[in-house]
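Structure incoming, see below.
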Amino acid sequence: MVHNETSTGVTSDIAAVRRAVDAARHPALLMVDTISGLASADYRHDEWGVDVTVGGSQKGLMLPPGLGFNALSPKALAASRAAKLPRSYWGWDEIVAMNRNGYWPYTPNTNLLYGLAEAIEMIEAEGLENVFARHQRLASACRAAVRAWGLETQCVEEACHSPVLTGVMMPAGVDADRVRRIAYEHFDLSLGAGLGKVKGLMFRIGHLGECNDLALVAALGGCEMSLQLAGVPLAGSGVAAALAELRSTARPAARRPE
Amino acid sequence: MVHNETSTGVTSDIAAVRRAVDAARHPALLMVDTISGLASADYRHDEWGVDVTVGGSQKGLMLPPGLGFNALSPKALAASRAAKLPRSYWGWDEIVAMNRNGYWPYTPNTNLLYGLAEAIEMIEAEGLENVFARHQRLASACRAAVRAWGLETQCVEEACHSPVLTGVMMPAGVDADRVRRIAYEHFDLSLGAGLGKVKGLMFRIGHLGECNDLALVAALGGCEMSLQLAGVPLAGSGVAAALAELRSTARPAARRPE
Amino acid sequence: MVHNETSTGVTSDIAAVRRAVDAARHPALLMVDTISGLASADYRHDEWGVDVTVGGSQKGLMLPPGLGFNALSPKALAASRAAKLPRSYWGWDEIVAMNRNGYWPYTPNTNLLYGLAEAIEMIEAEGLENVFARHQRLASACRAAVRAWGLETQCVEEACHSPVLTGVMMPAGVDADRVRRIAYEHFDLSLGAGLGKVKGLMFRIGHLGECNDLALVAALGGCEMSLQLAGVPLAGSGVAAALAELRSTARPAARRPE
Amino acid sequence: MVHNETSTGVTSDIAAVRRAVDAARHPALLMVDTISGLASADYRHDEWGVDVTVGGSQKGLMLPPGLGFNALSPKALAASRAAKLPRSYWGWDEIVAMNRNGYWPYTPNTNLLYGLAEAIEMIEAEGLENVFARHQRLASACRAAVRAWGLETQCVEEACHSPVLTGVMMPAGVDADRVRRIAYEHFDLSLGAGLGKVKGLMFRIGHLGECNDLALVAALGGCEMSLQLAGVPLAGSGVAAALAELRSTARPAARRPE
């Protein structure tokens, strides 16, 4: 399963799937990709009964790509030990053994480990719960903007909205990639493209990692102007709607790190 | 004279002062501080007949403070040679002589010279005329926002508005520094304070150097929310006014540098 | 095969193996790991008839780990297309197709691609042939030091000495890891450990990437003092031997890059 | 007075001069330039009775140039207040008043202040006394090298040798700048030139700031090879002499900072 679907802006109910698997008494391992959710959206490997979790450095951890993380249940480790498929780089046992002493059996990405230490320090200084709440608040303001424009988010199920990105559907006949090109050329704003089946039908606004109120306002301002330059009729100002929501929920930062 | 007054957002007509000095046949040297104007607002040392121009690295050249620049007229150099006041560090002759071969008589700030080379490359890639026009356009959109709020800019003379910052006067009874504190604590937005006589009566929005449309929209969004949180009654949305103006004048970037 | 064995300081004759495979009319693909040799030691994928070459960013390309490179022969691509083993990330066809337009089907390590462009610029400014010759010259001076100490290099075959690292065998009874610890604690010098069967029996001196004469002299100075502090009897000064060789072959740099 | 003369490698006995001034009952203020000595060589503004001390960021504090420091005695402050010479930027009173609250009356070099905080952290992690001892030890090894070459240091008075740089006199007929050019072109080693009266007669080896044993060995190796390439007859190996001294006084580092 994918915890947070970065191509659509949809989150999945991991715990519910675990319950369904258990109810069916199915022996399958539950593997979850939380690459774009980790450190931005609540995630609980142990509590939710996940067997294999895969994370990465390049999203909520605010680093370049280059580090991958695995969290493993005892059941997953046992399955790995019993498996007959030949492995080399992906064998967990050697890694787990060396990790105990802080080592890694191959060339470690030392540079990114320094960055990771800094990222974790930033997250802990803000507080993990506060980081999650910040992303939920920004996502809510972003969706308020989309509603004010009279457009639809790709994810229509309220309970599944991603806190880290929002997919914006175009009205019929509007080429989303043309809007994206206008945004890039006129405002130096890079919006995510629709992928696969929704290519050209939607664009994506990211609000993850070290994103704050004004970064979101800037992105929404660029989207609003680009939609208008593309001739998309808007019901109202999404920026105004986002400002209203952000203002009504603004709180002083606990304390900016030195 | 000061070319661009960074504490108020007012520019001065250097050429007019030169004409006045000449008309009075006064022998005074004309010295101009263009620290906050250089590379953001049009400036012409030779054409305007300036004798001594002083610039710096930390504004339109987008660098940390640490470099100062002098441009000198033949008259200024002659006056310096004839002057009897003892000088050491500030003596131009030794500097001019060593500059011919690319040297500097004291410890040069080599690090910033590398940064300066990069800054000049960025400016030349965009084109100096385009850089000036970009600042004028951003300043105009910023003033549109202030007007929409129903507030006044500190500079009231249309011909003297600075292209690099805008001073925003508060209505009677509003402490500008409280608005600034709200902006800083709620939105991580650092606004310039009123200095001297206007302390607490105004704040300043900078839009110089590597500033673009969306950076200005973000700053104006932060100002608008902070003014509202401070209880300042606004006539309308400055962000909406700025978006309307920016959108109507937006052009594709010639080509982003690689 | 491994082009340059980073754990021992031994290079392999790739072309000879190719000839042997061909002479035996064996259909096997020839796959070469040139991770630690690429851009420091001469390597010829096409000319030597290699089918699959694997390189990395973290050695001769002077970058952090994070990029891997594959060079593929038509035979390897055909074998890949005919293969029945399910693949996902490692499937070449999708990568080759997207690479034609400068894309990559997954999250690209953009940061390191900027670094790679810079690294290639540095290498081309020096000249690839000059880079290879520099490494050969440094390796030769390093071996001269080892000989002067009266010690042996791990690689005993003259034709196979690596140009990027030198393995130094310890006399019987000397713990190489103790020498390494002394070097680290006294001189902030990090020497490579012996791995596997030679753990504790040797240490490794790296001289790859952006290494020059004086960096090697510093490393040899640290080794020499550490060996002496560890009580290893030395036949003579390796530093003196290296200085003599480096001096006799020193040439002015063509021109340092600006 | 100059605490550490960076153009010659000579230190001055500040306390002795203070005693002489006092013995003569002369009212002069004692002003000391410790730009190249600060944080590398012992210095005591209060204890030695200095009135005005001037320091800088670009030597022992390991930063780019860009920050200057003044330490002032009550007598200097009183003299400043009584002085009639018009001042602006150099007036201490305004600076002292604003410094009390952590402010600075002009544009502060914020970037370098962050660097300064880091530099001070590095110095305190090592211990200021250890920093001074490290420089004395490196300077002593450097002089041992010069003696082994059969050359003379510019400073001949044992008590006045600088701990941060060593001036090396050339034998009659040898152009020091030619040696320097050989070092630069062959070994990428930048040696300080003789200035003023000793131009061409000597070169300078710096060993200040974040310098350690192996950095000094590298520099001495480059000097030794360059002297030989320039045809200077040497009595022996300076590198060997320095290695012998460094090895005999090497101690494990207390603890490397994380």
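Chains: A, B, C and D, in written order; residue numbering restarts at 1 for each.
FYI, contacts are C-beta pairs under 8 Å (C-beta built on N, C-alpha and C of every residue); 3 or more make two chains touch, one makes a residue touch a chain.
Quick caveat: nothing in here was measured; it's all calculated off a predicted structure.
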item: For chain C, the least number of touch steps when starting out from chain A; value: 1
item: Far-end chain from chain D, centres as C-alpha averages; value: A
item: Interchain centroid distance [CA atoms averaged], chain B/chain D, Å; value: 38
item: Between chain D and chain A, distance of the C-alpha-averaged centres to the nearest whole Å; value: 52
item: Shared-contact residues (touching 2 or more other chains) in chain C; value: none
item: Category of the chain touch graph - line, ring, star, complete, other; value: ring
item: Which chain pairs touch, all of them; value: A-B, A-C, B-D, C-D
item: Chain C contact footprint on chain D (complex, rising order); value: 185-189, 212-215, 217-219, 221-222, 224-225, 228-229, 237, 239-240, 243, 246-247, 250-253, 256
item: Touching residues (chain side chain D, partner chain B) in the complex; value: 56, 58, 64-66, 107-112
